[in-house]
């Protein structure tokens, strides 16, 4: 059936979820990876902590720098947790490093800057020039429906450059990003790689794809922060990126509480409009906002589905409650849209004209000039006016026929 | 300096594409052809080949203008490189699936590899060691692994035609040559850096 | 002497590169092409690329990325052959000589045949005659049953009733150039190869055997090379866990006395 939306039977992820695999039993890869982590008994976590210590010792033998490791941080709850593990539990001296994409909420600024007050660590911040960032916001949105590409690029490029420059062989990342789609299992002990960065964080684009636009002119020198070191440079220093989530049991709700109590970490002052959680993504006002709205526009699900799925798995919420949350939040057009339109000098109409070109024909269909899709709670609903011209509508419908 | 033009001889052998891709990757003018005019225009000829001796010779006789090519290579001394089966057909006879006539441009026969207890076909990366100096093997250090896929090998009649050997239980000829006529048992187009160097050296022949 | 090959295997399922566990659980890793570029950069000895899709739908479900979403397997191979700098074996869904020819023309050096070798023995014989034995790899999947090891086909679902040694020797007689020997029980387990199985087959067959199924550490490669007569060692999942994985594997094996090519990076 056209545009039928199937859902994982345990969480609320649609089959359309990015990078998700659903096996024949109807349970998605994200649930299965979570279950694999849950099956690890406590004493195995002790063994995993020992494994981390051994890996740290291995890299320290090659370490010419004065820092034991580099921690890429945003100032979020995860960053605090990573810094806490490294400095307090393992007694190491890290270099903290932040990519500043100019989208921090005020409480995000404050959390970030507090880090070197509460941790024994030096902190480098690398922020590209604001005009370059505005251009990338516009280009990212027009080209791939993601104004936040610059953020993902910066976060996953600049720290590795710094590690290579400072000759620090160990980078400590936090959550296994990919448990969101269940790409890897606990015993894979997966490490940071250029392929995962290029394909998933940067979605197949690199800095050189943004040079040469007629309206938003950028040159190579504007994109130095966006480059990734070569294999030769990485091997010379012996840089490896390990994920704390492989060695310490990850529970975001518990971590938040711990970071608040120990270090005065602050959660969002205002509730987010597109999700019920308040402890995520303070480093970027658009991550839960219009960046994520674009995920909904493309694939029909949003950040709330991500959060609810995680909370269903950890038992904080039932699937029914999760579905209620999805119904309430996934589709919301949040007010940061207007903040962004002002930032990049675009009108709301221009925004929707571009956004609608990214609607996925596997999920959406057009009826009476409105966008429609199936819902997880049953039936279908309309979600806004179609902002495409006739030619674009024809092309959309043609694509839909080809795919389904 | 004369502009180089390599013709990869097309007689219905599977790997003309890979050879030509490598040449293009190196920035060399390349054509894949069996047409007389284009063969004549070329400065260098490459004969690739996979499969068996007998079936290759049959296709060569059927699909290539051999009188012209023989004249070009044997008499006019145009540089010629045979790869894998393309090297083996230079022999007088090949003994794979019966006795077959080869081109006879380099004296010798093609026989099954004596691999002892080792598995056949001989598939994978093996070392090639020069037994005499040659332009083709110039600039290689001692350890040079090239990619081979063969069950048969060339037994030269004249030691002067043996340029380099490879060991697999016993030694067998991996590079042979007589003046401008050269043959390599391995696949340069699959041998990464080492293979590229061989091709570049081949292009130095005039 | 000839080196033992260390061979990365890429598994393609419906347009996604995947991890496989026990032939029943899969995890999407990414698009079909990028991983090939990385493996080329790390001077891999060979590449085995297997299509394990249960049907003919190839769709990464999004069109907003920096690469094409290619909707056919042959289309995918065509794109891969532009990025692959080592010999490549293509397997999956090969039913007849035309299928083999299509893949060879698109850039494959060898093809791997599994289920169809059982459905139609003559295919291997005919293929070896037409294209040469060295082009034909027979891939076999082995599972432990109450009656001992058995060869399974159709993605590990159907028991052929044959033991692996009988099957391997039969395929060799028919003209297979190499055998890719996989253990279904070990698939994605990270617990190491089924050494007993590898030893049994590699000591009796005269064609090269490629070990597959179960690698969780570089040490497992060494174990197979030290304890059995396998010609080559292959793995799928593990090469996607770390950067410069092939380089690090060869570094480990070289440093520990194995007869493999030295680690290298290509200038691509």
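Chains here go by letter, A, B and C, matching the order in which they are written, and residues are numbered from 1 within each.
As a convention for this text, a residue touches a chain if its C-beta (ideal position, glycine included) is under 8 Å from a C-beta of that chain, and two chains touch if they have at least 3 such contacts.
These figures come from a predicted structure and were not determined experimentally.
J.: Going by CA means, which chain is nearest the middle of everything shown?
T.: Answer for the innermost chain: C.
J.: On a CA-centroid basis, which chain has its centre farthest from chain B's?
T.: A
J.: Report the inter-centroid distance (CA atoms only) between chain A and chain C in whole Å.
T.: 33
J.: Centroid from C-alpha atoms only, then distance chain B to chain C, rounded to Å. What do you get?
T.: Centre-to-centre distance between chain B and chain C: 29 Å.
J.: What whole-Å value do you get for the distance between chain A and chain B if each is reduced to the mean of its CA atoms?
T.: Taking the average C-alpha coordinate of chain A and of chain B, the gap between them is 53 Å.
J.: Can you check the complex and tell me which residues of chain B touch chain C?
T.: Interface residues on the chain B side: 14-15, 17-18, 50-52, 118-127, 143, 145, 147-151, 167-168, 187, 190, 192-193.
J.: Can you check the complex and tell me which residues of chain A touch chain C?
T.: For chain A paired with chain C, touching residues are 16, 18-21, 23-24, 29, 32-33, 144-146, 181-185, 187-196, 198-200, 202-206, 209, 231-232, 234-235, 240-241, 298-299, 358, 360, 362, 403.
J.: State the interface residues of chain C toward chain B in the complex, per the touch definition above.
T.: By the definition above, chain C touches chain B via 1-5, 43, 45-46, 85-87, 104-105, 107, 109, 131-135, 177-178, 205-209, 229, 231-232, 261-262, 264, 266-267.
J.: Using the touch definition from the top, list the residues of chain C that touch chain A in their complex.
T.: Residues in contact with chain A: 13, 16, 18-19, 24-31, 34-35, 38, 41-42, 59, 61-67, 190, 216, 237, 240-244, 247, 265.
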